[in-house]
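A, B, C and D label the chains in the order they appear, each numbered from 1.
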Amino acid sequence: MIISVIGAGAATRETVGLAEHVGRELAERGAVVVCGGLGGVMEAACRGAKSAGGTTIGILPGNDPADANQWVDFPICTGLGYARNVIVVKSGRAVIAVDGAFGTLSELGHALGDGIPVVGLETWVLTRAGQVDRSIIVADGPADAVDKALAAAATRDGHRTAGGPASRAR
Amino acid sequence: MIISVIGAGAATRETVGLAEHVGRELAERGAVVVCGGLGGVMEAACRGAKSAGGTTIGILPGNDPADANQWVDFPICTGLGYARNVIVVKSGRAVIAVDGAFGTLSELGHALGDGIPVVGLETWVLTRAGQVDRSIIVADGPADAVDKALAAAATRDGHRTAGGPASRAR
Amino acid sequence: MIISVIGAGAATRETVGLAEHVGRELAERGAVVVCGGLGGVMEAACRGAKSAGGTTIGILPGNDPADANQWVDFPICTGLGYARNVIVVKSGRAVIAVDGAFGTLSELGHALGDGIPVVGLETWVLTRAGQVDRSIIVADGPADAVDKALAAAATRDGHRTAGGPASRAR
Amino acid sequence: MIISVIGAGAATRETVGLAEHVGRELAERGAVVVCGGLGGVMEAACRGAKSAGGTTIGILPGNDPADANQWVDFPICTGLGYARNVIVVKSGRAVIAVDGAFGTLSELGHALGDGIPVVGLETWVLTRAGQVDRSIIVADGPADAVDKALAAAATRDGHRTAGGPASRAR
């Protein structure tokens, strides 16, 4: 199971702590972390995953694998700039957003538009026509975020994984 | 001057009316409309622009120019799916968002992240860490939205267009 | 009818002459030129089209419309780098390749793989398993290239344009 | 070290055998295989890599990880169609082309245009202006192809990996 973790490249110490915790929890439950491969939340999620022996994939905007933070196992060079955000969310079976700036906002839009489950941890609140949009599943902490993301991903894939190969990172 | 108009493919009659008015105002002031080329707000903006003798460009998600609404002069086939949203906002010197669903939200994120001016007409309100984000310039009607978008685009391009070729659609 | 013209950004005087002639012929027959928007063959094709009162669209790799050559009417900013080559070929109903380097080669591959007709003017010759691939329609000069591209595009679109709107650039 | 293996989705038995051998050799030398994730050469390269305990990444054109062949460890869903070919070649430190059709041709163009080393095994021969282009490094068998790809990748990365982290898949 691959889960996307999204959030800003520049993050406060508190947000970094949340993202690292999310990455660690994901790895402890056997999930692979995919993210944008750069700093801030992305780096913290990767560091957390590696601290628990997990696997990390970074979908980079540029052409150079050296742009990836040091906790990325598999850097994917897209050369697409921030259009790569689409790939970050599509490659996870669910998305966990930790805080986040405008790049994260674009990812929320792409994920929700494609029906990919999104769990939010202190992330954007979206209001349209005077109503708060409830599409983002709100978590009250890193472990809860991971619980909810894995549950949403399992529901999404339910018909498929029942008889599928257990060992693959899908 | 090219201005992007973004909004949902399925829209209420009121929203369609706003988008058509935006398209017409843009054309009357000599601006070219770029949009996602499909229905709803996109089609209404194109129809409005054509009603005033304007020019329209549709950046399509698919491969077939026949997918474009009938008011698109120049269909651009990307084959990129909704990653084409990035191109829609990058190709305008400013963006006008009319209402909008999740695709529009992704475009707001991409535009604001890239420093492209965004004018909003009854669109998403974005709240982060308990604070409403004020990056979207709020308009109180179609004419005001066009005023503000053209002003923001001119400010953005000020140093360049001073001595530039007046006849090009940039 | 939109026709793509592809070729290298750095070109000899002779190649530039061919590309300019192609652009002029396309405009004289009412076709719109789409290209990669930069220099060399792209600039020459646009200049040729404008010399005959035609219309030109440049699909740029970057974010800045000022990167476009001065003969581009409508610069489309993709920010995708050379992945934009896909859009250049998909947006034409046929492709004319004039000489060309590796970027052009990528465009030939994308076009032929998608079934988009390609006319070649002194362009790459492709050999596979000891056999020359005959998928590229060989032209013996600019006018012949335009003849063959328009014929191939009309055949491709035959069922569609029979009753379609005559005034649109599709 | 990540190495890209490219080739057609429909392949002869002989070509499949070559690709599987390439994948196995890459894994035996500790390289990770990245490919387009689908059938034919892509599947064979992944199967070969897994037979030697290697790791495989599939960059898919669509949105569904279930589209990946069964030997892909990490499916990356791009939703970009064949524009994903750019990512396949950019994510490897060198590329090995095994035979190949038009999609492979597009990848050769993107790789060579970006200065990414390409080793060819019974792949396209490219002729321009009457001269065979020698940019593709010709291999005379799977082991030779892997030798040459790893050597080219090491040369390309020489300055960087000297002091870099040895355990990462870059």
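As a working rule, a residue touches a chain if its C-beta (ideal position, glycine included) is under 8 Å from a C-beta of that chain, and two chains touch if they have at least 3 such contacts.
Just so it is clear, the structure is predicted and the values come from calculations on it, not from any experiment.
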In contact with subunit B and subunit C alike are the chains A, D
For the copies subunit C and subunit D, the interface residues, called same if over half of the numbers are used by both and different if under half, are same
Cα centre of subunit C to Cα centre of subunit D, whole Å, reads 29
Rounded to the nearest Å, the gap between Cα centres of subunit B and subunit D is 40
So subunit C residues touching two or more other chains come to 63, 79-83, 86, 114
In the complex, subunit B touches subunit C at residues 2, 32, 34, 55, 57, 59, 63, 65-66, 68, 70, 72-80, 86-87, 90-91, 93, 114, 160, 165, 168-170
Given the complex, residues on subunit C that touch subunit D span 80-83, 85-86, 99-110, 112-114, 122-129, 135
Residue positions on subunit A within touch of subunit C in the complex are 63, 79-83
